[in-house]
Amino acid sequence: MNREPLQVRGRVLSVDRAGEYHHLTLVAPGVAERTRPGAFVALAVGGETSAMLLRRAFSIYRAKASGVYGDTVEVVFAVHGSGTAWLADRRAADEVDVVGPLGRPFTLPTEPVPCVLVGGGYGSAPLFALAERLRERGCPVHMVLGGATERRLFGVLEARRSAQTVAVTTEDGSAGTTGRVIDVLPEVLARTGAPVVYACGPMGMLRAVAGLAAEHGVWSQCAVEESMACGVGVCMTCVLPVRDDDGLVRMVRSCVEGPVFRGERVLWDAVGTVPAGTVGAPRVGPGR
Amino acid sequence: MNREPLQVRGRVLSVDRAGEYHHLTLVAPGVAERTRPGAFVALAVGGETSAMLLRRAFSIYRAKASGVYGDTVEVVFAVHGSGTAWLADRRAADEVDVVGPLGRPFTLPTEPVPCVLVGGGYGSAPLFALAERLRERGCPVHMVLGGATERRLFGVLEARRSAQTVAVTTEDGSAGTTGRVIDVLPEVLARTGAPVVYACGPMGMLRAVAGLAAEHGVWSQCAVEESMACGVGVCMTCVLPVRDDDGLVRMVRSCVEGPVFRGERVLWDAVGTVPAGTVGAPRVGPGR
Amino acid sequence: MTTVESAGGPTTGSDVDLGVTLAGVYLPTPVMTASGCAAAGRELSPFLDLSAIGAVVTKSVMLDARSGRPTPRMVETPSGMLNSIGLQGPGIDAFLARDLPWLVERGARAVVSIAGGSLGEYAELGRRLGASPGVAAVEVNISCPNVEDRGQVFACDPVQAARAVSAVRRGIPRDLPLLAKLSPDVTDIVTVAASVMEAGASGLTMINTTLGLAIDPDTLAPVLGGVTGGLSGPAIRPMAVRCVWQVHAAMPDVPVVGVGGVRTGRDALEFLLAGAHAVQIGTVLFNDPSAPHRVAEELRAELSQRGFRSPSEVVGLAHRPPAAAPS
Amino acid sequence: MTTVESAGGPTTGSDVDLGVTLAGVYLPTPVMTASGCAAAGRELSPFLDLSAIGAVVTKSVMLDARSGRPTPRMVETPSGMLNSIGLQGPGIDAFLARDLPWLVERGARAVVSIAGGSLGEYAELGRRLGASPGVAAVEVNISCPNVEDRGQVFACDPVQAARAVSAVRRGIPRDLPLLAKLSPDVTDIVTVAASVMEAGASGLTMINTTLGLAIDPDTLAPVLGGVTGGLSGPAIRPMAVRCVWQVHAAMPDVPVVGVGGVRTGRDALEFLLAGAHAVQIGTVLFNDPSAPHRVAEELRAELSQRGFRSPSEVVGLAHRPPAAAPS
């Protein structure tokens, strides 16, 4: 199947509230059938006379090829700045230019092993499609969803339908266990005996999950969120230090070589730096 | 009465089509009561993340203080570029920042003399409020409306209600006399014996009307349309050469000293230049 | 990203005193108008209390009356505009007789901007201004071609820039602050900055517009009557912040006024963090004539949220070594 | 405003042949990608037929592999962005072995951009590139600090700029076109342009990014890992058009490639009218990865509407004295 990204003129089917988030459904011909769990779309924002040039990246929540309204792609987002505010303001039939699906998706286990899926905030959005694929392969799915407050959880009900067990955490205790996903994860790993954990959420959470997974001798697959100018691999803005198969650390583009990385490969503590020893690390002052 | 301009957050009440034009009604508290015929508003376009910084100027078509929906201001506009396209796309309840009323309005005759009002394209919009004021003063009103085609005429029906006689011209003959307003104006002047003609429309039309008026020994009042960055008098972009009371030619701001000028005062042929002899005309290369 | 709350928890807006002292002049807020974007203040009075904003910087006035350039004098560009006004104005005497007193009577701080075509003109402008009461500060616009030096722009040459500044300095009282307004169109702005400070400037205003050009695809000719024009607006803000940053890094004690694309309180804060003591608003006035008031209030909120009590507390703060910031 | 239809009534789009010859290289359209905004082409292939666009200008490659700068490497600014990538790349040998052949096989015209930190590096890059088949042209990015000259940027000094260009020129075949890419951050771009042409450049690419800085009002520190960055996008278009205009006015026979904020066919036309023979698209690729195709087709329509049959017909047309235009 052709997995190459497309650029299409999407049309808004709906924008709904979901707690503190917005749930946007776009008709985007051709994108859905190419989508695998963990991929993202890059949406142009603000229209043709906007001062905002850069696309905004969003994990794909659901992608339906030839549904009732044609091919649709859904994303869940928080209003962060002007671009997301503009998206939240869209109405049915408005146009949104879509590039996608982008990025390397989650790698699926070859055996029907139990899997733990950890989502922080809107980071749970891409986990539902993943859960579906895992179940198709006979993998029992356990979910851990966390957020600062109840309104910053996404998909708890859906999780209860699609996972065997669901653990919920909020920092203020407004739902589930008071605390963070990392506080309940050891128990979930122990209980399920899962050999792999999938995670999507803020960088701090990923780092903690990857660390914990490594401690428990469990594989982790983390979908990172780095600031991206192009989303398609041409600008080199979205890099982070990753240890390659050859053991060397390279500054790797999270848009095309990620966003999903094996947790133990990412140098989490060195994100935002170029660690000494990285391939090509600077010796002379760099140019533009 | 306080005639100073206001800056207010307007709200769209409606945007309707009117031939090739758009008719926008804004709720803009306080603006209407300060408005006299010939004044204009400057509307911010594109929203807060727009790449378009400059306001767009539009003649006020109607202004109603404390109408059913509160104070409203109406403008009629053609989609020209991105700013007007954005305005045309507004929907009820959208916000539009309004500065107005701006500019010097039409001067009214002190005697109940017959008046000829000439409008080119959307330039007829400000003439209806003028007609009303003139009728209140007992001045018989005659209108001449022209446009390239029938769809580029504005307000013909309304003119028939508000003026004693109406002459219509279109360049393609789709309505009224085939030709331009200037082709029928001599006849109208002769027929009505009007000692004053008011005009609003493209610069070429104004120049022709002012010239014809001068030939006929008739006063003219012309509302000009110069490219404006601020609309309020602070930027000096909107100037044109005008002969002052002291006989000297000055580069005069059309936003605060116009947009309405006495036709014989404007050096129509020199618009776009600084005619020799203008006060302060350059001797040295100018700076920024 | 880490939020640094340098001065202990958030304050309330009312705890923030926006007053600043710039090169010896007290300003109630650090937000002024930029030269050429507020005329001599009068036209903004329906939208703003001129006595409450930082200062009104007047349109650069020359010795004699000037008609300015032919129209079109402006063209909108993405997030900015080009202008080629050509310094239209009444000349210094008419300005001093008519415009300045009006501003002074209203209780506004009048920063008078002057521009000359030769060193002699700068000197004469300085003398006339120096003899005139009510001037809060002088801003010397040196982005003008020097008719005696092949039309080379004063601001583009450190030596000529310094000469223009000292020509004005000689004419005005010692304690009258003189701001030299720099052009970004130079290879090394720090050298020009050092040179004009040496020549007697009390502080620097940065930046004037950067040279640009637009062509009308319909007439197939340059849009502007003056062919080239000055680019301004949020489009150039990163360039202006960079200039302020470079000069503050080299000369941290020099009072700097930041100008270029300020639209919001956050933008103003950005300039302060880079090293500016105050900011000016130019092009954005055309979008929002009440911007100097709005931006000051937004700045107050930004400062308050971060636990600061005065704009001075944040001046140059972004130059702290990264280690100083808790992570 | 008057519409000039210089070549008699409108043509139909199909009458327009977009092909141009730039410094001896035939390009099917005058619209290329800009260096650093298309990597080595491959990632754009889902969105574009690389063989049908003017050329692919590759990311500037240095002698050795480079990790680039720490993140954040970009910040969005009004109608533009700042970047400080720091020339991350695989080094020239890996590039020639892996990236160049891929492009050549696809039938794309590969304009290889190179950057050095010293004259020796430029010379060595020239030699390795000169020995490599498949290069359509070389673009020399001289907006790099010279480690042997206090980190002074080559492009900011006419002498150093010329030396970098002639270092490369010596290594490459005589008939291989060499485009020197200039920085706008100089007092006088015409002098730099003349100097690099003298040193053996076949043409000029203008402009590279202009230096900018952004401060994060939350961390109170510069956003970019590299502190300053390069400003690009439609925000700087008027500056880029001005540079092209000035250089074309001084040296009308020099082939110029215009770059800086091209978003539409009208923008491309504006650069051609100012004197460019071709244009590049940088930042706008991030907004629209298929822009080189779209812009070329829009340019075709713009030309056709105005009765032109080839982009070459409009190059520099805006320099005609105003009298030449019918009114």
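A few notes on this one:
Letters are used for the chains, namely A, B, C and D, taken in the order the chains are written, and counting of residues starts over at 1 for each.
Note that in this section a residue touches a chain if its C-beta (ideal position, glycine included) is under 8 Å from a C-beta of that chain, and two chains touch if they have at least 3 such contacts.
Everything numeric here is computed off the predicted structure, so don't read it as measured data.
Shared contact partners of chain B and chain D, listed by label, are A, C. More C-beta pairs in contact connect the chains of B-C than those of the other pair, out of A-C and B-C.
The distance from the centre of chain C to the centre of chain D, with each centre set as the mean of the Cα atoms, comes to 33 Å. The distance from the centre of chain A to the centre of chain C, each centre being the mean of the chain's C-alpha atoms, comes to 45 Å.
Measuring from the averaged C-alpha position of chain B to that of chain C gives a distance of 35 Å.
Chain A and chain B, compared by their mean Cα positions, are separated by 55 Å. Within chain C, residues 78-80, 229, 233-234 each touch two or more of the remaining chains. Looking at chain A, one finds that residues 51-52 touch two or more other chains.
Judged by the touch criterion defined above, the protein chains are all mutually in contact, each touching every other. Across the complex, chain B is touched by residues 36-39, 43-44, 46-47, 59-60, 64-74, 76, 78-81, 83-89, 91, 115, 117, 141, 143-145, 147, 151, 153, 208-209, 225-226, 229-230, 233-234, 283-290 of chain C. Remark: chain B residues 4-7, 44, 51-55, 97, 99, 226-227, 229-240, 250-251, 256, 271-274, 278-282, 284-288 touch chain C in the complex. If you check the complex, the residues on chain B that touch chain D are 51.
Put simply, chain D touches chain B in their complex at residues 78-79, 234.
Looking at the complex, you find that chain B touches chain A at residues 46, 48-52, 82-83, 86.
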